[in-house]
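First subunit A sits with subunit B, and in the next complex the same chain sits with subunit C.
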Partner chain A sequence: MSDLRRLKNKYLSNPRSPVVGFLFLLPVLIYIAIYFVYPFFYNISLSYHDTDVVSFVSGKSSFNGLDNYIELFTDSTFQTALKNTAIFTVFSLVFQFSIGFILALVFNRDFPGEKVLRGLVMIPWFLPLIVSASAYRFFFSEQGIVNGLLLSLKLISAPINWLTDPSLVIWTVTFINIWIGIPFNFVLLHTGLKDVPKDLYEAAEVDGAKGWQRLLYIVIPILKPVILTVLMMGTVYTIKHFDIVWIATQGGPANSSHLLSTLSYKLAFRDYEFGLGAATANVMVVIILLLVLGFGLISNERRANR
Partner chain B sequence: MRRRSILMAMLLVLVLVMTNTVALSKNVIEISIQDVWADNLSWGRAWLQTLKTFEQLHPHIKINRIYCPIGQNVERILLETRTKSLPDIITCDTPDVPHLAEAGSLLDLTQFFKEWGKWDDLFPGSQDAISWKGKPYAVQFTTNTLALHYNKDLFKKAGLTRPPETWDELLEWAKRLTTGDTYGFAFSAIDTEEATWHFAPFLWSNGGDLLDLSKPESVQALEFLTTFVKKGYTSRDVVNWNQGDVGVQFRLGRVAMMIHGCWDIPLSEEAGINLGVAKIPVPKRGMNPKVPIGGETFAISPFSSPEKQMAAWQFLTWMLEEGMVEFNQLVNNIPTRRSIAPGIIQTKPLLQPYVEELEYGVNRFTVGGGENYTKVSTITRIAIQKALIGQTTPEKAFKEAAKQIKRLVK
Partner chain C sequence: MKLTREKRSELLWGTIGFLLTAILLIPVYLIITYSFETLQDMYHMPPYLFPPQITFEPIVQVFTDLRPYLMNSFINAVGCLLITLLTAPFAAYALAIFELKYEKEIIFSLTLSQMFPVVMLAIPIFLMYSNVGFTNTYLGLILANATYTIPFCTIVLTSYMRSVPFELIEAAYMDGASPLVTFFRVVAPVAKSGIATISIFGFLFPWADFIYALVITTQNSIQPMSVGLYKYIERYGLQWNNLMAGGLIFSLPALIIVILTGRFIIGGLTAGAVKQ
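Now for the complex of A and B:
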């Protein structure tokens, strides 16, 4: 009896005991195990099996090793999706970030109407994606506003097939994503800029630093953690992006605008090729993991240099 | 003491309530049904009304509805099958019957249909749509197909007095109807089942075959549709248009003729379009269009208790009799029984071409590779898109597709 009490006193009544800490963590751990760890490993196992509708339900699919991956990497649709994801991610990030950064710098100064305009910049972010992507789908249709405008300005002589030309469509959806992603970059960078101490600018000005020198030697070094975070989150969001492409083109025409995410969904739930769908999703996960690790290395290096 | 008596009273009430519900549930059988019709749309409203009529006539059966968006329906059924938690009745689109039957999600209804005894009164296409490997697995009380919808006002403007009947006429009519912002003709060619579904009447009427796309009759059908896009009588955007989009363009007056289904008629009428409906034009005069048949089918869960299965069947047979008339009237669809279908023309004359077409209705998966149909369809529509956007010629597109399909269906 006294032993038990002693144990209880030692582990449960003492708030600093590791057991108590663990008990507090337990709900979250269970949640993560059920909703993250299990699906993650299930997905990996799925990608090594020949899983169609029947075997998905019975749970008795045959192991087929790397077949799914081999089939994917030799499939031209997958290759296009891989290329598209690269185009989509790189160009989205470059333009979202640079435009967001420029806007953040502009709004860092006080000028009349600054608050109202800052609110307006945020609008793309407030709109549900289904609304903005559907609107763009109409804008870029054959008789849409974009072609109408270009035609009336005599810049083009025939409508451009923004969403139906297989070589153009990925650029059109990338453009839409850039527009939608600017506010996210803007907000974080703008907040970061507010933290740059004013006296540093003044000191630099006294020392005769020009505008771009201030940017390069004061703003960017101080903002570096923010910049890295923005880029990392942006990369992850963009690589697994799904909505815009799905709403605007469903990966078409003729599979020319698929990203890895839309292709994975299509394979699994349109074509019922669960194994292939899972393999596509895993390729995406591996790419994201590698990039996040890369970012981690960069930011560690920064810390080491300090 | 007082506290105790309150406690006792509460306990007594509780016991009474519990015994009461137990007693009630003894008389009333509750069955659940998973369907794809949202309450706030006309189909959902019609469905609710029909269910209510049934419940009033059969007070011992109570139906609980579970709405599932159509895009998630098959996924959900598969998961529910895996966990053996299927609702008593589930809804599935026709092409999904084979693999859901294979997956064990659908109860074999052979005995039930034998007792019902009116199998032969169902349209042949509808019989095929609910059968897999010779056994019925579902019930279909509402069907539909495609026809040519046209805008009579735009016809008048172009000096046309009747709908086109042959392919040559369709091309000629489309040419005359294409002016300014208006395209003569439209269909859906988006990368979903809709593209195959809209292409099928042209393919089959010409003697083409989903399992033999490289044969000349199949290629001709694709060449025919590609001509419309090439000549500008049909918007290139059709590769991004689902059926809903096609209907919207039609009602905006931007499309003069379209391929569409009977469920779309009320929408055009409400929008004030002077609507005409005709059978789908055929390659040569005197031929009958071979159209694909659609419409949801309803199946019973193999995991439900025999008692619930009987109640579910009672509901479904009612839908094959009295309920069939009421529901189809409400949603502008066609009854699946030959003896009942013509009756609907009296109140809805625009449905006449549909009822006539259904005699020659073809079920997609029966002629399109069975459980492989969805894959055959995917390959086919990608080829259709490639031809329509001019990425490759119709012949090359279908030759490649035929090769892929051959590998799939041996």
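Now for the complex of A and C:
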């Protein structure tokens, strides 16, 4: 009895007790182990095996070393997907960020109705992607509103195959993704801008600094950590993006619009080549980790330079 | 009447802000108007700015066709919200208040886990589920969807809980409250805006999920609305007004939540992203 009381006192009288804390954390740790750590290693193992439906069911998939990776890197669809992912990511980021930044600067001014409009700007980001992507699939279809408007204005003489022309389709899906990502960039940059001290701004104005000078020499340096975070998160989210492309094109026509994510899905769940699908996903993970490491180095360097 | 400089600038920026927002929202406007148009009017050239005649047929039609999917979406989102609320707040409490070994490493791995591509998780989770017969179950789908919410909500809530005054917690312990009672009586009430925020994400993320549903559910009876709509395009490819109406119905919960709780969402996003 006294032992129990001592034990109880030890753990329950210290509000920071590591043991109690660990117990509170435990459910999340177990979840992470099952749904992140195990899949992570399982996926690595899959990528070194020749796993299709038959071998998965029989449990006898053979180890084939780097074969999956070699097969991928020599495959033209994979190369296209790699190139598409680069186009999709770079152009999405450049435009989402600049448009989001412009919006953030505009909304940094006080004007009536600012709050309501700011809420409305968020909408594209919170529409379920199946809704926005399939709506755009109609807008960009042969008889859709985009062609309709361009034809009515006599800017084109025949409808453009936005989603069915292999050389065009990746640009169309990138456009859709830019639209969806603007609010995210906007919100984080706008919140960052609010932290820029107003008197610093006014002092610069008194000193005769022009709008763009204040932006370049005051706002951007102060905002740098926020900008880095937004760009890093944007890069990661864009590289792994799946929904828009799969809903709008399923990687087609003729595999011309695959991203690494849609290709990975197609290999695993359409072709039932789980090994190849896993290998494609792992290539994405490596790319993402390298980029995050790069961003980490940049922001640490900044800190060290201070 | 002469406007002051300040008023003029307000008017100028207000106009610019309004115009930019309007341009950005054109697609949303189109989704809404198309939902109340006949197919014929949708294809009219030049496009109508307002539907010449309003019809509720697409909404009624698609609601009849897809109601079970909508129900599944609710089950999935509410289930995921519950699981998130049963786990993330306690973990956040632990990370914010308690002295833990490897605290930094745990927070780092929670952050890292959000960088994994969903498809990278979906392949092994699907195979894992196939082994134990967990595909085509609500629980299987809900737990997979929690990969969106549990790490994210834990991180967001941890930053909220760091601001809970430690004196309050200490005082509760002095009064003989157990850690769990302290959590419910002291920590949760102080962090309630944080808990409200993660509840929004805990519902919205699984609501919008597409890929897990596509991978894990193959039976109609269990598929959520995202897959229902996806199949609708494939099956009735030309019924675009019905599809827009379905999209509108599916978006409504998200739109209502965003409009009502925008400031929580923004607070949560910044807590999750910038303050790390």
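Following the convention adopted for this analysis, the second predicted complex is superposed on the first by the 277 of 306 C-alpha atoms of A that agree within 3 Å, B and C clash if a C-alpha of one lies under 4 Å from a C-alpha of the other, contacts with A are read in each partner's own complex, and residues count from 1 in each chain.
Note that a contact is a pair of C-beta atoms (placed from the backbone, for glycine too) under 8 Å apart; a residue touches a chain by one contact, two chains touch by 3 or more.
Everything numeric here is computed off the predicted structure, so don't read it as measured data.
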Which of subunit B and subunit C A:54 touches, first, second, both or neither: first
Which of subunit B and subunit C A:137 touches, first, second, both or neither: both
First (subunit B), second (subunit C), both or neither touched by A:165: first
Partner chain(s) touched by A:227 [first = subunit B, second = subunit C, both, neither]: neither
First (subunit B), second (subunit C), both or neither touched by A:251: first
First (subunit B), second (subunit C), both or neither touched by A:188: second
Touched partner set for A:270, first subunit B, second subunit C, both or neither: first
If touched residues of subunit A are counted for subunit B and for subunit C, the larger one: C
Intersection of subunit A interface sets (partners subunit B, subunit C): 56, 137, 143, 269
Subunit C contact footprint on subunit A (complex, rising order): 12-13, 15-18, 20-22, 24-25, 27-29, 31-32, 35-36, 38-40, 42-43, 46, 56, 102-103, 106-107, 109-114, 117-124, 126-132, 134-139, 143, 145, 148-149, 151-152, 179, 182, 184, 187-188, 191-192, 225-226, 229-230, 233, 236, 239-240, 242-243, 246-247, 260-261, 264-265, 268-269, 274, 277-278, 281-282, 284-285, 288-289, 292
In the complex with subunit A, residue positions of subunit C that touch it: 9-11, 13-14, 16-18, 20-21, 24-25, 27-28, 30-31, 34, 43, 45-47, 86-88, 90-91, 93-95, 97-101, 106, 109-110, 113, 115-128, 130, 143-144, 146-147, 150-151, 154, 166, 169-170, 172-173, 178-179, 182-183, 204, 207-208, 210-211, 214-215, 225-226, 229-230, 233, 240, 243-244, 247-248, 250-251, 254-255, 257-259, 262, 265-266, 269-270, 273-274, 276
Of all residues in subunit B, those that touch subunit A in their complex: 74-75, 78, 81-82, 99-100, 102-105, 181, 190-192, 235-237, 239-240, 254, 374-375, 378, 382, 385-386, 388-389, 391
Sites on subunit A touched by subunit B in the complex: 52-54, 56-59, 137, 141-143, 161, 163-166, 248-255, 269-272
